[in-house]
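The following blocks contain the structures, represented as structure tokens.
Paired with chain B in one complex and with chain C in the other, chain A is shared by the two complexes that follow.
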Partner chain A sequence: MKLRLATLALGAVLAAGPALAELVIPDLSYRTGPYAANGIPFSDGYQDYFTLLNERDGGIGGERIRLIECETGYNTEQGVECYESTKGEGTLVYEPLSTGITYQLIPKASADGIPVHTLGYGRTSAKNGAVFRWIFNYPANYWDGASVAIKHILDQEGGDLSDKTIALVYHNSAYGKEPIRTLEELAKKHGYSLTLLPVDHPGQEQKSQWLQIRRERPDYVIMWGWGVMNQVAIQEAVNIRYPMDHFIGIWWSGSENDVKPAGAAADGYKALTFHNLGDDYPLYDDMRKYVLDAGKVAGAGDNLGTALYNRGMYAAMLAAEAIKTAQDMAGTSQITRAQLRDGMENLEITEEKMAALGLPNFGPEFKVTCENHGGNGFAAVSQWDAAAGEFKLITDYMQSDQEVLAPLIEEDSMAYAKQNGIEPGCN
Partner chain B sequence: MPDQFLYAIEVMINGLMTGVLYSLVALGFVLIFKASGVFNYAQGVLALFAALTLVGLQRGQVPFAHLINAVFGTEVDHFPWTLPSLIAIILTIGVMILLAVLVERLVLKHLVNQEPIILFMATIGLAYFLEGLGDIMWGSDIKMLDVGLPQGASRWVESNTKWLGGEGFYGFFIDKLDMVATLVAAILVISLTLFSQYSKQGRALRAVADDHQAALSVGISLRFIWVLVWSIAGFVALVAGIMWGTKSGVQFSLSLIALKALPVLMLGGFTSIPGAIVGGLIIGVGEKLFEFTIGGMIGGATENWFAYVLALLFLVFRPQGLFGEKIIERV
Partner chain C sequence: MFYREAGDFKTSYVEDGQTFPIKLDRYAYYVALAVAFGVIPFLIDDYYANAVLVPFLIYAIAALGLNILTGYCGQVSLGTGGFMAVGAYSVFKLMTAFPDVNILVHVVLAGIITAVVGVLFGLPSLRIKGFYLAVATLAAQFFLVWLFNRVPWFYNYSASGQISVPERSVAGIIVTGPETTAWAKYLVCLVFLVVLAWLARNLTRGTIGRSWMAIRDMDIAAEIIGVNPLKAKLTAFAVSSFFIGIAGALFFAVYLGAAEVGEAFGISKSFLILFMVIIGGLGSIFGSMAGAAFLVLLPVMLKNVLVGSLGWATDLAAHLELMIVGGLIIVFLIAEPHGIAQLWRLAKEKLRLWPFPY
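Moving on, here comes the complex of A and B:
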């Protein structure tokens, strides 16, 4: 009887206690469906980094990391199901990897008190941490991307865009429409004319849009695409012999998957990025030793160094650094979600920190605060080298036009706060 | 001639070419529906599966490599050879025939005399199964497909039509791949028509399409016909997969091309091979011209929904589609 009672008591403690000696990290991945080719390398990078920390360092601050992978299929309903089914496990922070899922999770996670990090996607105005207390989108958001693209074009054109035309080819969805307002505001400031060319999901057929580009010959084309839309757009640009170095994609249109189907003709295509590319970093030595060679990779182990693998790894690195910050601040390794939010709000990524992690100059330096959940809005431009089969950075990290963006973020976030009865503040 | 008029002609020509690509997908649906009354939900996935198999064979990829490695701890990936396109295409046709046999043996055989909706449900299951099987067999990375088809603007057409317009007119844009697709579609339709009209198997196929019971009573094997028609649909899916896969690389969104075939079927009729072609051409031209003339005024991206509006308009006046057979049921 005593034994049974003791077993029951132990079971109850284990079931109720969130303070198990582990850090639970969910990975909302998509390894199946139309977007699997992009979801797999991101998820591999995300998981492999945490596996490396477990295998090499014994976790973070002495606490091992427990990963829970949940397949969303890049489907919003499935993504919400994943959130609901995993949050009871004591999950610390969500990286939904989908703007659609993010929009659904914003009110839920805010009510549940669970931090959500959306790395270069999601709701841009979540940068205003005084309104979106649990949502973070550092180091850069879509509006930063649009602004940096225009900055790059300004550099190319000697600072004058007054007689230039720029076309935006975009996925006809909430995601694709994100940069329109910014590009319109920047058009007022710099005097270029903007043509909007929406492409319906999934984007397999874009003849009309590219015939229009062939007719009107805009000076630059900016693309906000995802999945097959990217490959088809790049192929169509090749078909009409559009100059590839005047074709700039957002970071979600800048993976090897997007350019390879067009072959050598895609050479010169440009894409934005907020992290570095390739695998020439000391951290990769450890990644190979502790994860790849040890047979502990999340996937097939063939994505190391690709743009999306690096992005997943970077997301995991930022999460791990926020956890370390939170552990230091709280004075305990077993942190709660609220403590992690504090850690995220005090996250500072410096060159020294990245170098110490084995990722020197891997991304921009930035600092997060309660009011600013989006970092400093730095991004760079990369260019596809078809012969070498890799994207290479061709600019330094540039800061987006804060003069234009800050009022837009304020306006949008305050409208959200009003609609949802949120009293903005950092207390 | 005014440039705007020339641009409209260019859009129309490209609409026709795009329509042919839609028709290639629609043809597979028509073949199976005609012979068995089944709306094959898996047709788009068949195109994906065929294209995946073709690229896998071309590249000498070991099927199920990831699974084999996970179970046996091996590191197999590729065979030490690659295959020429023609051999890979022939082998893929073999795989599609084998798939047809398996579909008949494992699924259709057990559903004889069931309601069409049951068969439709079975094809939904088949679609998801094939998608998963394709993933496990060949992986889900985006694969380049190169069977030697030309791609890009035809410079000959451009330079020989440039004189038609003013200085800003660059000549007509016609994609060489679309030209090849048109030629292939024409050969396919002629071959399929000749096959169904003049071959023994083709006549049997038409007999089954007309009346299952009557066909059975004169000794036609329904099971053989199903294998035959699924094999042909698999071949048509391979052709569609090659054309679409060459444009965008072979990836899992390829199965979504089926969405483009639906308005074509509604318009052309579910039972007519020429209907699939004419339907594709009308949808292709209609959606492109609408986007060109009206699209810009209402925010663009009209093609997807306009194709269905066009199909619905035709349905109102001809519910069986332009070329579909009128169904008269006597009570």
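Moving on, here comes the complex of A and C:
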């Protein structure tokens, strides 16, 4: 280990000349187990973007990036092991891609002073940055997702849901339970009735849940699934001939490998997203030139342009932009964790910035502040086109119902602050 | 030659019946304790505490508990994960309901609550045996996990169903929560393990332990000679669940800090601890610890060697790790079905005679 570090450091010295230091980015990935099908493309995208920055720009602000990958298997104990084994290397920001591991890391990382970015997952009330100083979940969170899904259904039904029933098929874990409170609040507001159908880890067994859906015929089914659970649920929905355009998944249930096993019958399945899809972006030319063709891809190189690859890339892009912001603010290229936290709190993503990066129209604009670690909560609905083999956006980005969500976030984060003796504040 | 027993005479029954009758073993035990209490706390860092030693100590407690039930009393149980969950949720409810009471008291109380639950689920063992009992305890596993998922009272109505530990300290030293130092975590678990191992050792060589072993070896014969199967089986369930409950409480409060029941205390945990007991050696205190060490340390070590030193891809290493651990389990069970404890026993016999075996 020591020797390898020494050779790596030596290599960096020879390559980059005087820049001795480096930016250490851990990637807690999972390429094994029942969630690997979704974990691999995200991790590939996350790593490839940083590799691209290293190869094309020589890192960020002249500092090369060193990636450390650690396999978690989507298991919290291994996630803790990964966190402990990497944090000594001077890691800057964690992106664990697991709500369970995020819950482990929230207190630990807050105590150690290491920023954690949970892109569209994790603990929703971390949006309140006055309580969760080190935890960020921009640009959208689960409650935004639940609210946007209901908004889309409202649009479909002409604004009236009073006699409708909506079923939530969810992974029976912290992840899947997140939207329940929001959906219940929204049910009070819009008058629909909500059926909860939990699916236990890993989610291969869903016969009884879909039998119930077949019997009760809810008007819409919303899904909070991940890993193998997604494929099974979509196949089961096809089996009972549930209308696919009334079946809406959260953004973690909307990747190509979730719908492809069900074949042409999955056509019309909808999923939310908070960024754009496909590979029709100038950035992909660079990605192919500097990373794919140079043989430096993280995985097999077969995931470019898929929904989760794009999301991993998006996560890396947001991290890189936050590092740039932090470098500008601190006036030094070798930033510390606390400086990165300040950079993340002042991150602003605009259309000009995204266009300059080669990702025009890739996602909604947003701005992070200390009080708001969660962005503005914009998401859109995409639909699977089985013939073309791709997800297509069918709506514009919609903002979630802030008047319902804001009090819920306030309540949940304050309960956390009280339980843990945190004095909310931005200083 | 390794064991120099010349002059090591016993002049009383008490001396002869002690846990480590050979002088060298006894000294080795004292040295191990001295190192564990006097040296490691000064050297330990976050990584060794959180990834290696604390999980090892906690799994050793759980394996001890299961070994009492399965190894000493012969009752197969697949409900270990569920009982650990009882310990974890008990300690969570107690900590949040009575914040002023010492956390160590809560951990012991959580063990007692688990013991009561264990006795409840142990009642069928009076009628059913073997595989059928395994199925009944499997039902306990699924029922308990379902219960903690289904009833919001257990997780204090938190939005995500997660329980997370509040900060508590003992004599001014923080032992739970994110601010806990590595050595405090380690020492709390170590104290519990040493006390419980001492308790287990003394229970198993007394009347209760002998009645457990009589039931294990042949329950009808035991009943005929006057062992009360009701008492023997239920005490085994109670003591075993007490240990497992404490392990579950420490697992949640000291080690993880936040847990959700399906992931942390699922069926895979029950099997993991059963494997520890089988690999370590049924009916052996040392075996419980050896089994826990084998299954906790080996994967971490393999990961560090394959990814850290050799620089292999993480997915390749993870797959190889499964194959190597699985392969070693099979090799172990073929080479020595009675586990690491028996291997150690044989090695010791040989070492006592070496280099002049007869």
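As a convention for this text, the second predicted complex is superposed on the first by the 407 of 427 C-alpha atoms of A that agree within 3 Å, B and C clash if a C-alpha of one lies under 4 Å from a C-alpha of the other, contacts with A are read in each partner's own complex, and residues count from 1 in each chain.
By definition in this document, contacts are C-beta pairs under 8 Å (C-beta built on N, C-alpha and C of every residue); 3 or more make two chains touch, one makes a residue touch a chain.
Note that this is a predicted model, so its numbers are computed, not measured.
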Simultaneous placement of chain C and chain B on chain A, clash or fit: clash
Touched partner set for A:A338, first chain B, second chain C, both or neither: neither
Touching partner for A:V24 - first (chain B), second (chain C), both, neither: neither
Partner chain in contact with A:T32 - chain B first, chain C second, else both or neither: both
Chain B versus chain C as contact partner of A:V232, first or second or both or neither: first
Partner chain(s) touched by A:N172 [first = chain B, second = chain C, both, neither]: both
Touched partner set for A:P198, first chain B, second chain C, both or neither: both
Touched partner set for A:R214, first chain B, second chain C, both or neither: first
Touched partner set for A:A355, first chain B, second chain C, both or neither: neither
Which of chain B and chain C A:L393 touches, first, second, both or neither: neither
Overlapping segment of chain B (options 116-124, 152-160, 206-214 or 242-250) - the one that collides with chain C in the superposed model: 116-124
Common interface residues of chain A - those touching chain B in one complex and chain C in the other: 31-32, 36, 172, 198, 200-201
Residue ranges of chain A in contact with chain B within the complex: 31-37, 40, 172, 196-202, 204-205, 207-209, 211, 214-215, 227-228, 231-232, 235, 238-241, 257, 260-261, 263, 265, 300
Interface residues, chain B side, partner chain A - complex: 7, 10-11, 14-15, 18, 66, 131-132, 135, 139-142, 144, 151-153, 170, 173, 175, 244, 247-249, 251-257, 260, 288, 291-292, 295, 299-301, 303-304
Residues of chain C that touch chain A when the two form their complex: 45-47, 50-51, 55, 96, 149, 159-162, 164, 166-167, 177-179, 256-260, 262-264, 266, 300, 303-304, 307-309, 311, 314-315, 317-319
Touching residues on chain A, where the partner in the complex is chain C: 1, 4, 29, 31-32, 36, 69-71, 73, 75-77, 80-81, 84-85, 87-88, 99-100, 103-104, 106-108, 110-112, 123-125, 172-175, 177-178, 180-181, 198, 200-201, 412, 419-421
